[in-house]
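Next, two complexes with subunit A in common: one pairs it with subunit B, the other with subunit C.
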Partner chain A sequence: MVRPGKIMVYAFLIIVLVVTLFPIWWIFSTSVETASRAYAFPGALWPNWTWSNYRTAWELAPWMRFLLNSVGIGLVTTALALLTSLLAAYGLVYLPTRFSAIIFTVILATMMVPFYSIIVPDYLIVRDLGWLNTYTAQVVPFAANGFAVFMLVQFMRGLPIELRDAARIDGITDWGFLWRIVMPNLKPAMATVSIYVFLLSWNAFLWPLIVTNGPTVQPIQVGLANFLSTANGTDWTVLSAAAAITTIPVLILYAFAQRQVVESVSRSGIKG
Partner chain B sequence: MNSKTSLRKNFSSGLYLLPALIILLTFWLVPLGLVAGFSLFHWEYGTHPQWVGVSQYGQLFHQQLFWQSLRITLIFVLAVVVGGTLLSLAVAVFLYRGIRAVGLFRALYFLPYVMPVVATSTVWLWMFQSRVGILDRIIAALGGNGALGWVAEPNLALLSLIIFTIWFSFGFTMLLFMAGLTNVPPELWEAASVDGASAWQQFVKITWPLLTPTTLFVVVVNTINAFQAFTQIYALTRGGPLNGTTTLTYYIYETAFTYFHFGSASAAAVIFFILILLLTGIQFVVSKRFIQYGG
Partner chain C sequence: MSTTTRMVSAGIMAVMLSGVAAGCGNTSTPTPSASPKVTGPVTITFWNEMTGPYEAALDKVIHQFELQHKNITVDDVVVPNDATLEPKLLSAVVGQDPPTISQMNPPWATGFIETGSLVNMNPFINSSSGFSLAPYYPNLLKAGRWPDGGQYLMPFNMGAAIMYYNKNAFQQAGITSPPTTWNEFSKDAAKLSGNGRQAFAITLVHTYPWLAFFYQAGGNFVLKNGQPNPAAFSATGPAVKALTLWSNMVNNGSAVLTQGYGSQTDFANGTSSILIGTSAFDPYLVQAVANKFPIGIAPLPGDVTQTTSAFGGYLGIFSKATASQQTAAMEFVKYLTSKAGQLSWMENSQGYLPVRDDVASSAASFLATHPAQKVSLSVLPNAIMSPKVAWWDEFSHQVLLNDIEAVLLKKETPAAAMSSAYQQAKSLAQKDGTY
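Showing the complex of A and B:
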């Protein structure tokens, strides 16, 4: 039975879908279009499949370097943030002292600080540490995360208290307990935190823009932005190829990890 | 517990907390104090900071560009929050209530959100181009003025930014709404439809009231994200034309890192921080007062 309401619902959803996907199609179709056709109506609706734009774009900037920078910075930041948050959450949950409540509040308070309000002092701190134009500057400030600590504390509190008692009786140290018993039980929370921190790092733009000045340590977004701003007069077909190059790895990754990403984002509900 | 074991306990707990605390204090909390301090100095990069008290705040409030950036920020935030929230709510409700292949649709709507913003800005910039861009070409083909040059005129440039921002972020808030919908007991809808309630009545009487906590959360998250929009502004318009898209974040960035007026950028940053704090505060107060959390 097809009701008119149902048709309207499908129509609405499909129109929104077309508008959502069209620009993505447009990146790729323009990137494989010849310049003369791209500028004539209707443009690259169904392109000419000219792959030379990719060769041109590839030679104009060190894309592989940018990409590896982004991946490296993202992975190291994620690993460190996971480690510092696990340790902090463990200290708060299993080794409570009379300072724990206030420390937890301080950690939560960092979630309320918008990064844009502290870029000037952060820039000066990083400069004084001699970290300008390094990976360190792009990793260390994000190697701890209030939200990550919060998430892990919530999940750790959900673990049965008997676990700790049993471990204590068996003579397991705090350290061993954290690695062998708490961590394996926290896998979903850790996955959520990892995806959250990785996306935060992957999408970082303003910070690398101001603390880096050369392609050796720049992430892909800044590399692409600089490429675009210096590419005056370069054809849109070539620019689209450059944009496509920066997008393809993300799309491949998303195709595989789509379910995990969608689920962890719905769970965490926040993104920087 | 004697004082010795308590000391040891404090010590080992402290060791676990130390790495996170050092980083969060050094790069997040101490800078917040520093920025408040800097805002009281007239300080251009390379010169010696001069104590001027709160006079830089006064100067900001007398500066036309600062007021304009506030106004532009508010328009941008309001449009993105209202437009983005309504669109994502509609999509989520329709998707959730009776369509096949929910998972596929959901993943595709969310796709723009995971793509690098600079890359998607690039394609939109191409689509927004005057005359040769696809949008102007479609308008021309329909007999309209095909030389709008979306990002070339201040008001249209702001509209372009709003469209782009809703485009890439609505999939994210849609996910939040869909997560909220799983909390609605399906029996309520079934009972209502047995009683002959129309789809609209069901939405107004059941779905919407039970979604209010989620809606509030979405509005808060959307507001904070929109307030902090930067990448797309940098990539699409660089705050122009004629500062027509210079929001508060872009204003802070330009003051600090184009003109190197660290002092007055800090004053603007403090105002930015207070504004975000106030907004979040207001939203939570409003929520406590008007929303009954269904249980």
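Showing the complex of A and C:
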């Protein structure tokens, strides 16, 4: 016999599930709705299955290109940021000099400078390097990240210092120690940093907008904004279809990496 | 996003103007090349905000231009909206890497003119390969002309505020014709309201719907010297009068403030029956209403004057472009604003109006089936453009919108809101300059 308490728990979970999924259903049902029914009040829960909205949305913008750009820029930025942060953190923790504290403070200080205040100097640098309208302009400025260094330093400091001494006795070099001892022990921190940097890159809007001029290199956020924004109104059905097209790959990705995403968010206290 | 990017724009503008103050900028007034023809192949970059359906319409016009000008290629770069085009443009100007030509709002141009970044189009317009300004609506041209007499901007995509109404609702309420005065407007709205329905759904994405009422009350926010006009903000002035009309309608339940373009949703589903917008609202409304009721379109009701507000973008050419690019860009401006270009633009964009008075005669069949454009065109010659002073954009988007909203949400009285708005306008004029 099922206990009443368990029924209550399941009933509560079902309510939470419905409340959580309803907006997603609403986007999807609007995406296959006729325009006039989409504006009806109160709205219909069951749509009219007008799949042509997807064709219209698909034809209006190169969504696959935007998606691939976002994924590519995000992955490369994440890989580079992870590499630079690991090396910086390793140097600060295991190869200390009398300037280490100052360097760490400077790295932390970069987290306190609002990005908007360095847009112009960053733009001038990118322009002088001939990187305007390239992937490079969207990757390199974010290939080093103060927060990532801070996170990894904190985790590295948590590793027993005896490990380093033991490795030295065994003749392991710094590279070997980093690669064979430190990194395997830092997997949770590296996952946190990776997801943080990837989300930062995925959500970037103003910088890519300023340094790029066309869909060939632009990420999904800029593409979606171009599509959503008109000065006179919104075509909700086609907009919902576009939102669904761009959300589905992310939902699939999330389904595969759900555990890591949830853990990294709870570990770092950040949200996407 | 909008607020943040506008703050970014203000910061970048400060950097740009500080360069001028330090003597780094080229403050001479550039003029386009004297070369009357584009001799070799040239590519011009055109930044604009024509997203979604307008992008396809603009592509057609550009294609037509390229067919007629085999040597010129137009690289069309679409940016989502004002709030993103402005910081992108400012960064590019500061970085000495602007496009050849860009859509822009007149208030942005002041900084560009001060730094010598924008081309004075007069020499080209007056040259043998130039064009006559006579057919252009003077009120639209004026907003692109600066006190030094230079025509730095040419009007391109224009709309004028008009009234959409639900004909069935009007008939059921016993209203035989749309209101022509403020008094009739508020009385009709009251008749159409009740049972949880407010007749007038207010759109406040931009200030232009409210500015139409302000102008009708005889208002003018900017003095000839570019400073804020204290009379416009006074307790007995036009701003308070227009605000009082709207706030009274909200308070008595005949108007409702909506978010974003929620007013279009309210109108389409029949919970409101009056909507104020430009002719560019029309395609969205026709699609959303889908023959549920006939849509009526009329000029706005008047008060002291029978006018409305014009709303839209201008074209400016940057001096950083080569002489050949500047000439090609002027050819492009000439085509876009020509009779043929404007006719094609109006018909394909399904919402914007021509900027010259000789287009309507060639578009009789189009206008017969597009009443929104027809009504808008009838009011466009007397429509008033927003001021072009440098402080206007921030004042309009940050100060005025917030103050109107505060009054409609009963957080402030109209007089208190406008008194505060005046102080902020003075402060902005001091910070950003005027012309």
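The rule we apply is simple: the second predicted complex is superposed on the first by the 237 of 272 C-alpha atoms of A that agree within 3 Å, B and C clash if a C-alpha of one lies under 4 Å from a C-alpha of the other, contacts with A are read in each partner's own complex, and residues count from 1 in each chain.
The working rule: a residue touches a chain if its C-beta (ideal position, glycine included) is under 8 Å from a C-beta of that chain, and two chains touch if they have at least 3 such contacts.
Keep in mind it's a predicted model, so treat the numbers as computed, not measured.
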**Message:** After the superposition on A, what does A:23 contact: first (subunit B), second (subunit C), both or neither?
**Reply:** first
**Message:** So in the superposed three-chain picture, is A:235 touching just subunit B, just subunit C, both, or none of them (first/second/both/neither)?
**Reply:** second
**Request:** Give one of first, second, both or neither to describe whether A:140 is in contact with subunit B, with subunit C, with both, or with none.
**Result:** first
**Asked** Is A:205 touching the first partner subunit B, the second partner subunit C, both, or neither of them?
**Response** both
**Request:** Identify which of subunit B and subunit C touches the larger number of residues of subunit A.
**Result:** B
**Request:** May I ask you to decide whether A:132 touches subunit B, subunit C, both, or neither, giving the answer as first, second, both or neither?
**Result:** second
**Message:** I'd like to know which partner A:118 touches here: subunit B for first, subunit C for second, both or neither.
**Reply:** first
**Request:** Return first, second, both or neither, reflecting whether A:60 touches subunit B, subunit C, both chains, or no partner chain.
**Result:** second
**Prompt:** When the two structures are overlaid on chain A, which partner does A:46 contact: first (subunit B), second (subunit C), both, or neither?
**Reply:** neither
**Message:** Touch test for A:99: subunit B only (first), subunit C only (second), both, or neither?
**Reply:** first
**Complete:** Dual-contact residues of subunit A (subunit B, subunit C) 39, 41, 116-117, 119-120, 123-124, 205-206, 209-210, 222, 225, 228
**Fill in**
Residue positions on subunit A within touch of subunit C in the complex are 34-36, 38-41, 60, 116-117, 119-120, 123-124, 127, 132, 205-206, 209-210, 213-214, 222, 225-235
**Fill in**
The answer for subunit A against subunit B in the complex is residues 5-6, 9-10, 12-13, 16-17, 19-21, 23-24, 26-27, 30, 39, 41-43, 83-85, 87-88, 90-92, 95-97, 99-100, 103, 106-107, 109-110, 112-125, 140-141, 143-144, 146, 149, 174, 199, 202-203, 205-206, 209-210, 220-222, 224-225, 228, 236, 239-240, 242-244, 246-247, 250-251, 254, 258-259, 261-262, 265-267, 269-272
**Request:** Provide the residue numbers of subunit C that touch subunit A in the complex, in ascending order.
**Result:** 1, 4-5, 7-8, 11-12, 15, 45, 47, 49, 51-55, 75, 77-82, 84, 87-88, 91-92, 94-97, 159, 206, 260-261, 264-265, 268-271, 277-278, 280-281, 283-285, 287-292, 351
**Item:** Residues of subunit B touching subunit A in the complex
**Value:** 6, 9-10, 12-17, 19-32, 34-35, 38, 87, 90-91, 94-95, 98-99, 103, 105-112, 114-120, 122-124, 126-127, 129, 132, 134, 137, 140-141, 167, 171-172, 175-176, 178-179, 199, 217, 221, 224-225, 227-228, 230-231, 234-235, 249, 252-253, 256-257, 262, 265-266, 269-270, 272-273, 276-277, 280
